[in-house]
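First subunit A sits with subunit B, and in the next complex the same chain sits with subunit C.
Here is the complex of A and B:
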């Protein structure tokens, strides 16, 4: 793809996972998460197996364990939430180390932690092996409403332009002796934000003109057709398929 | 060039007649503009700020319409039912390349126009590479536009329009914000192209360098139309329309004509 758009999660490289078409990977991650979420929380061992599956994928993608674990920190807010559950959820109490915890809450916390971690890990692997641009093409291919894909593409394209505009405004403010300090500067900052909004809006209008001038009529033309062979699909789907087998066992055993 | 001139007698690339237009807020910007540009000709559109140049440009591909008069591109009237074809024939390069380049990569941006008109696959790829090669930007195909310098972005903006093989190339202030080297490189590119060019500019030496003919638009009407050197040498005319030559520049000197 070589789109030059690397994001912070992306890890450049070549591996069987990197080379899969983006829409296959997206579909696989989505299905995997669905399977994980529908696993009964009382069955503990399936979650361990899921983790093993993901570790296998990460290995195939040549993502070092440390790298993956560091990216998992995204879910810390959920962990905090999960840790609260045993204390606040009503229900039968169990005593652990002198603390009175709700049994329901403990299961709830386990549920959030296990499923959340697996979901985040799968997404991190996806993001580490797929460029942003490719992700968008994949979403487009999966028939996500075109308008959403367009908005996301514009965010990539104009994110830098707008940050730059923000930086220029901040330089202009500071050149005239303004330092953002405390509540009293909020008024100025709010006005700057307003000006930034207007500028971005006007740019939007001009960009729209330019698009219309080149034949835009509401739908983005297909420029890069992403296609997948049957073999690629099979490889991508093997992850959720294996997970599904584990899940079915989890329900029946 | 001679062939193009012979051709031009039959069908001008651009024919504007009696064009008048008022913005929705009531401000009238054009008061009956008549202008014909022959195929292969390069014409400079000069005029002070607020003269209506951009307004005229936006009429050429039907972005603005609804006033009096008519616009024809290679014989085809600019009207609702022809808009798709008109937008393929008229390539407009806007002043700010950041407005023009809206796709994540240069390649996709150049591909946008042809793809919108239904070109796909190998032919699309070929067109994109050819257009980028014409402006000397082929090796930047996979870069995101915002990582390019201003001059490079302006060149890519020209390529986005060339990829549609337009009948007429319309440039709104192409030399603005370019350093002298980029400005000259763009001139070389434009001179090397075999298309009709209408160039809006405040850069009078640039007009003299590139365009044999100049048109002055002032207060919504065409105030002068003639060979660029003559128009620029007419001091009274220039003063009447707030046009000023840069200090020390003499349009009648052969040096200026290169």
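Here is the complex of A and C:
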């Protein structure tokens, strides 16, 4: 618990990007991704400009490029999928380096790769510059139903607790000579999962009672209301606005 | 199967987003009822939703990290939609899996923000709803024992995963941005996911069985399972009056139904499956299925490959088998859904609160 509730994806810092109110950042990232997704795939250069825009934001947030690239690895399964696409899509064939590739498939692969990567990069920048609690406050500010925000915050707060419980169970199993090998160990593991569920649910009941006894009646009091000035909004929206300009150019040119 | 940005076009993403938002809104209301629970008289249920659903979401999040070794070095993990539906009820299940997906999208960049609607529709709504509908239907027709709860959760989880693949294919057919032919996507997605479904089914059934053995009262799907209250009157056991409707049900039709469904499933799915899958195919997909931690994504990404590897062996036959299982699944879902609805409607006038009692 030494790390408090800061998740390991967050990079502490005091940059202009860190200081923006969370709901502005959430809105900006979402709008940016929408713009990226609605860009025609035949236009190549807008995607390069989007990447430059994101690189600019990452630079302003002082996120090292290596860190960003490492976090992009989450996308790898879809990269593999995209790389297969030129081989499975029917249509006109192009010959590159002795390989027969489908033109449509190449476009499709490019489309998924470019848009997916930009989306992941934008999300990574958001998660690395915004604290968890701030993210939840931002979601609440964006009118996500408060009960949903509460569920999400309980999930985040107790995620570590439950994961640790699972880890302790695993240690207990192993200290009794259990080794997970093959399908035959599923029964034991499933019993652990069942026990984990019971413990989580019962913990939920205890947490609920503790909260009720402290006066909880279905809504969390909002102590630190996040607010944004016009300047902050302008700064946050400048990213999707720039992207939109690029997108419009991409459609017209 | 976490869909990234740009994989599904904007209009379809928006529509699925609306669908997802609507479903989550409905689930919020339903979850309040489900988590209110019968055992706690003092709570109206409203303020209980957040802590309990939050903890269940944390559980799903954690259990997705629990690795189940398949064979030499490979392992799979639980997806949890069916499990959540059976353990805490369909509404709470949808809610919890949606929150998990939302957090995965925002924090871990796992699944695109614009594709959130697609992901929720596919992985949260489809799996839980299909699983729960099947589960309810089976529990209705099977004898009221613990073992049939386990069996029902097995079948529910088994079919919920390919159903999600089917819905994904449908969304893809509507708004996919790439030109992979639909039939190929369908065969590959559903094929791989039936195998994933088998793993999911075994684990779900075992887990539900484990929970039922310890705290049967916690399993939402088993709430009707409690033995009817007996009174000892003058040395003889007499049914308490409240339990009368459960006892009055005819048993013979149930048995016929159960046997019929199981036979149809076995014939449609497993027999044709064994007829067509060569050792290569099995090994390949077991490998696909196993790859650590991100089973679904790997499955999706490798699927055209999987398609290729089985293509010349028994494409038509495998596809036929899949179609069979899907057909049976859809029929069971629709049929038992109608059956259940009619039944409920008929039972409604008799008593005010049937769902928990029956």
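Note that the second predicted complex is superposed on the first by the 229 of 253 C-alpha atoms of A that agree within 3 Å, B and C clash if a C-alpha of one lies under 4 Å from a C-alpha of the other, contacts with A are read in each partner's own complex, and residues count from 1 in each chain.
The working rule: a contact is a pair of C-beta atoms (placed from the backbone, for glycine too) under 8 Å apart; a residue touches a chain by one contact, two chains touch by 3 or more.
Given the structure is predicted, the values throughout are model-derived calculations rather than measurements.
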Touching partner for A:214 - first (subunit B), second (subunit C), both, neither: first
Residue contacts with subunit A in the superposition, subunit B compared against subunit C: C
Which superposed partner A:203 touches (first subunit B, second subunit C, both, neither): both
Touched partner set for A:181, first subunit B, second subunit C, both or neither: second
Touching partner for A:133 - first (subunit B), second (subunit C), both, neither: first
Partner chain in contact with A:222 - subunit B first, subunit C second, else both or neither: first
First (subunit B), second (subunit C), both or neither touched by A:66: neither
Which superposed partner A:154 touches (first subunit B, second subunit C, both, neither): both
Doubly contacted residues of subunit A, that is, touched by subunit B and again by subunit C: 153-154, 156-158, 161, 203, 207, 211-212, 216-217
In the complex with subunit A, residue positions of subunit C that touch it: 4-7, 9-10, 13, 24-25, 28, 43, 46-59, 61-63, 65-71, 75, 78, 87-88, 95-96, 99-100, 102-103, 105-110, 112-114, 177-181, 184, 202-203, 206-211, 213-215, 218, 294, 297-298, 300-305, 307-308
Residues of subunit A defined as touching subunit B within the complex: 2-5, 133, 136, 153-154, 156-158, 160-161, 203, 206-207, 209-217, 221-225
Subunit A residues touching subunit C - in the complex, by the definition given at the top: 7, 9, 26, 29-30, 33-34, 36-38, 41, 71, 74-75, 77-81, 84-85, 87-91, 104-105, 108-109, 111-112, 114-116, 118-120, 122-124, 126-127, 132, 135, 145, 147-148, 150-159, 161-163, 165-166, 180-183, 185-187, 189-198, 200-201, 203-205, 207-208, 211-212, 216-218
Partner subunit A, residues of subunit B touching it in the complex: 58, 61, 63, 84, 87-88, 90, 92, 94, 96, 98-105, 108, 111-113, 115-117, 120-121, 124, 142-147, 160-161, 164
